[in-house]
Amino acid sequence: MSFISYLKDGISLGSIYAIIALGYTMVYGIAKMLNFAHGDVIMVGAFVILTAITKAGLPPAAAILISVVFCTVLGIVIEKIAYRPLRKASSNLAVLITAIGVSYLLQNLALLIFGADAKSFVTVIDVPSVSLFGGQLVIKGITIVTIVVSVIIMVALTFFVQKTKPGRAMQAVSEDRDAAQLMGVNVNATISLTFAIGSGLAAIAGLLLCSAYPTLTPYTGAMPGIKAFVAAVFGGIGSIPGAMVGGILLGVIEIFGKAYISSQVADAIVFAVLIIVLLVKPTGLFGKNIQEKV
Amino acid sequence: MKTKMNKTTKNNFVTYGIVILLFVIVQTLSATGNLSRLLTGLLVPLCVYTIAAVSLNLVVGFSGELSLGHAGFMCVGAYSSALFSHMTADALPSVPRFILAILVGAVVAGIFGILIGIPVLRLRGDYLAIVTLAFGEIIKNLINILYVGVDANGIHVATTSAGFKLAAGGKKIMKGALGISGTSALYKDIKGQFFLIGVILVLLTLFIVQNLVNSRSGRAIMSTRDNRIAAESVGINVTKYKLLAFTVSAALAGVAGVLYAHNLSMLKVSVFDYNMSILILVYVVLGGIGNLRGSMIAAIILYALPELLRGFANYRMLIYAIVLIVMMLFNWAPAARNWRSRMVEKFKGGKMKKEAA
Amino acid sequence: MAMLEVNHLSIQFGGLRAVDGFHLNIEKGELYGLIGPNGAGKTTVFNLLTGVYKPTEGIIRLDGQDITGKSTIEINKAGIARTFQNIRLFKDIPVLDNVKVGLHNHYQYSTLTGILRLPKYFKIEKEMNEKAMEILKVFDLDKEAHLLAGNLPYGKQRKLEIARALATDPKLLLLDEPAAGMNPNETQELMDTIRFVQEHFHMTTLLIEHDMKLVGGICEKLTVLNFGQVLTEGETSEVLNNPQVITAYLGE
C-alpha cells in the first residue's frame, strides 16, 4: 500500500511540475528562449493570494482570480520590457541572462516587501480527504484537486492550441516565425499571449504548490522552476503532452527516490534520469528530431 | 603577417598588464592602510571568480557551447584539493603542499570534465545546457552525503553519518553537509600571501587560455563553434576539440575551486549550486562572449558591486538585478546598438568637422 | 583507373529514394559537371560523397580506396574537399585563419606546444601563414587576410570557401554551385579561377552548377541527374544538346 501511496504523492507533485513545465515549454516553443524567471512568477502568484486573503480579507475565489490576472499581466509586461527588445539580438545568451536578471529582480522585490522569513500559506482549497481500502490509503483533498486541475488545463490547452485561431497562430510562430509573419500572423501579439497563458498557469501552479507544501519564501519558486524546466526538456521541450508526461514522471521519480533510496540524493536521481533519457533520445521523449540541412 | 601576430600578442600583454597594475594598486593601498577590511576580504574571491569566468569563456565563447554546470567543476576542485591538503598536512611543508593541492584540484576537475564532456557534448544547444546544469547538481548532491576520514587503518569513506566510524585518533575530514572545516588554518604561514597566489593563478589562467585560443587547437575549437559541418568537411575532429575546450575549462575551474576552498575555514557544498554557475555565466556574457579581458573585468566589477552595496542592505540585490537587466538591454538589444553606433558616428562626425575647420 | 568511381549509389529517406542507382567515373585532372533540375538530388550526391549521409547501398572509391560509409573527417583526410551551396565559412575568425583551419591536418604541433609557445609553435605557425597567404593570393584574397570572414562581400566568401577546401590538399574538389548569386563579371572571374586551380594545383574537380554558361564554358564532361537517377552522361557538348536534357530542364 505504501507503494500506491508514494505513487499518488508522486503524481500529485508531478502534476504541479507539469503545469509549470507547460509554461516553460510553450514559451520555449514559441519565443525560443529559456524563461528562467518563470519559477519566480509562481512565487509571486502565491504571495498575491496570501496577501489578498490575509491582508485584504478577500474570499479565496477572488484571491485566486486576482492572482491569475496579476501574473498574466506580469508575464506580458516582463516579455515586453525585458525580452522583446532582445528578440533579434545576435546571441540568444543575451535574453537568457536577462531572464536571470528578471528572476533576481522578482526574488528581491519579494524579499523587500515580504521579508526573508517563511510564511505559512493559508488554506485556500478546502476539500475533504478520501479514505480508501478501509483507511489504508488516504488521499488528501489537495492531491485530488491538483490532479484534476492539471488534467483540465492539459485538455483545455491542447484544445486551444489545435482548434482555435490564436492557438494555430502559436503553432505557426513556433514552426517558423518569419514565415508566420509573412502569412499575416501578428507575431508580437502571439508571443505576448503565450507569456500571458504561461504566467497565468504559473499563478495556478503557485496556488497548488503552496497548498500542498504550505510554506512560502521569496525563493519558493526557484527550485520547482528548475525541476519543471528539467521536466519540459525530459518530455521534449516545445511539446505540450511532453511537458505533461515529463512533469508527472519527474514527480514520481523524485518521490520514489526519496522514499526508497535517500531523500538527500533524490534530486541527483531526478537529474541522472534526465541525463540518461537525453543520451538515449537527445531531444527528449516527445521532441522533434531536427537535422541541420546541409 | 608580422603586424597581426604582434597585435594579438600585444593584446594579451595588455591583459596581463591590467592584472599586474591592479595588483600593484591594491598592494599600495593596502600598505598605506587605505584598503577597508571589506575590500581586503574580497580580494581572493575576486581572483576565484576571475579564473572561473575566464575558464568558462573558453567553453561559451570559443567552443560555442552553453555550460550551466561550471560550479560543479569548482566544487570538485575545491573538495579534492582540500582533502589532499588535510591528508598531507603533516607530511609536507605549506608551499609545495599548496602547489600540489592546485594540481590535484585541476587534474580531478579535468578528469570530471572529460567524463562529463564525452556524453554531454553529443547534445546540442539548450539540451547541452540543461545537462551540464544537471551534472552540477548531481555532483553537489553526491558530495553532500560523502564522509571521508583517515585513521591508522587508512582512508575511510561513508555515505551516512552513522556509518562513518574511525579508529581512535582518526581524523574526520569531510563531514557530509557540514563539509570540510579548517582548511585555511592548515596554511597559516602563507595565508597572507593568498592574494598574491590568486593573482599568479589569474595570470596563469589567462596565459593558458589566451595561448590556447591563438594556436592551432584554438582555431580548430573556434571552427567547430562557427560551423560544425564545415569544420568536419576540412577534417577537424569536432568532438575532440569541443572536449579539449571543455576539459581545459573544467580543470581551470577546478583551480578556482582550490583557491576558494583554501581561503575559507568552512567549506560547504551548498554554495556550489546552479546559481553560482549562472553568476559566472553572467560575467562571461556581460564581459563579452569570447572576450577574455571582458570576462575578467566583468567578474571584478560585478562580484564587487553587491558587496560594496552592502550599505544599502536590502536594496543591493535589487539594484544588482536592475543593473544586470539594463546592461543586457543596453549591450545587446539591436535598437540600443543602433542608437549607440549613431551616437558614435555623430560624435566622430562632429570631431571631423571641427578638424576640417 | 578512375580517380573517383561511384557505383549503384542510393539513399532512402523514409519512403523517398533521393538518389537511386547513381554512378560516376571521374579521371584524374578532369573538370566534371553534375547538373539537373532543382530537387534532382545533386547536393545529396555531394553529401553522400563526403560522408554527411551514409548511403543505403552502393560503393564509392577514391583512387581505388573504398571510402563508402566513412566519416566526413576520414573522407577529407582521404582526399575529398568541398564547398557548400549555402556558404559555410568560419565567420567570426579572420580570413587567414579560415585557410589555416584547412591546413590543420598537414601542419601539426601539440596543444601543449601551442600553450607553452615552444619554438616549434613559432616555426610551424610561420610556415602555415606563408602557405595560407600563398593560397589566398591565388584567389586575390591576400589583402583581406585579416578581415573577419563574415565581413567579406558575397563573391569573395564563395572564393574563400574554395581556398579553404584547397588548403586541405585534396585529390578531388567538390564545388556546390560556386557561381550561385554572382553577377556575370564575377562568374567569368570565377571560371578563370577554377581553370587556374585545375592547372596550378593539378586538381580534379566535380561541380554542381545551374549556370549553363559556366558549365558549358569549363566542364569537360557532364552527368545529368533527374529524380535521383542518372538521365545521361558524356561530353559536355553532346549532353547539352540532348533533347532529353532539354525536356528535363524546361519541361514538356
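Note that the chains take the letters A, B and C in the order they are written out, and that residue 1 is the start of every chain.
Everything that follows uses one rule, which is that a residue touches a chain if its C-beta (ideal position, glycine included) is under 8 Å from a C-beta of that chain, and two chains touch if they have at least 3 such contacts.
No experiment lies behind these values; they were computed from the predicted model shown.
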Measuring centre to centre, with centres taken as mean CA positions, what chain is farthest from subunit C? A
Core chain by centroid distance, with centroids computed from Cα atoms only: B
What whole-number Å value describes the gap between the mean CA coordinates of subunit B and subunit C? 42
Just the number, please: Cα centre separation of subunit A and subunit B in whole Å. 31
Mind checking the centre-to-centre distance between subunit A and subunit C? Centres are C-alpha means, answer in whole Å. 49
Shared-contact residues (touching 2 or more other chains) in subunit C: 52, 84
Subunit B residues touching 2+ other chains are 229
For subunit A, residue numbers touching 2 or more other chains are 294
Touch list for subunit C against partner subunit B, complex: 50, 52, 71-73, 76-77, 81-82, 84, 88-94, 96-97, 100-102, 104-105, 107-109, 111, 113-117, 121, 124-125, 128-129, 133, 145-146, 164-165, 167-168
In the complex, the residues of subunit B that touch subunit C are 1, 4-5, 207-208, 211-212, 214-220, 222-223, 225-227, 229-237, 244, 290
The residues of subunit A that touch subunit B in their complex are 28, 34, 36, 82, 85-86, 88-91, 93-94, 96-98, 100-102, 104-105, 107-109, 111-112, 226, 229-230, 233, 237, 262, 264-265, 267-268, 271-272, 274-275, 278-279, 282-284, 292, 294
What part of subunit B is in contact with subunit A in the complex they form? 60, 66, 119, 122-124, 126-127, 129-131, 133-135, 137-138, 141-142, 144-145, 229, 274, 278, 281-282, 285-286, 289, 314-315, 317-318, 320-322, 324-325, 328-329, 331-336
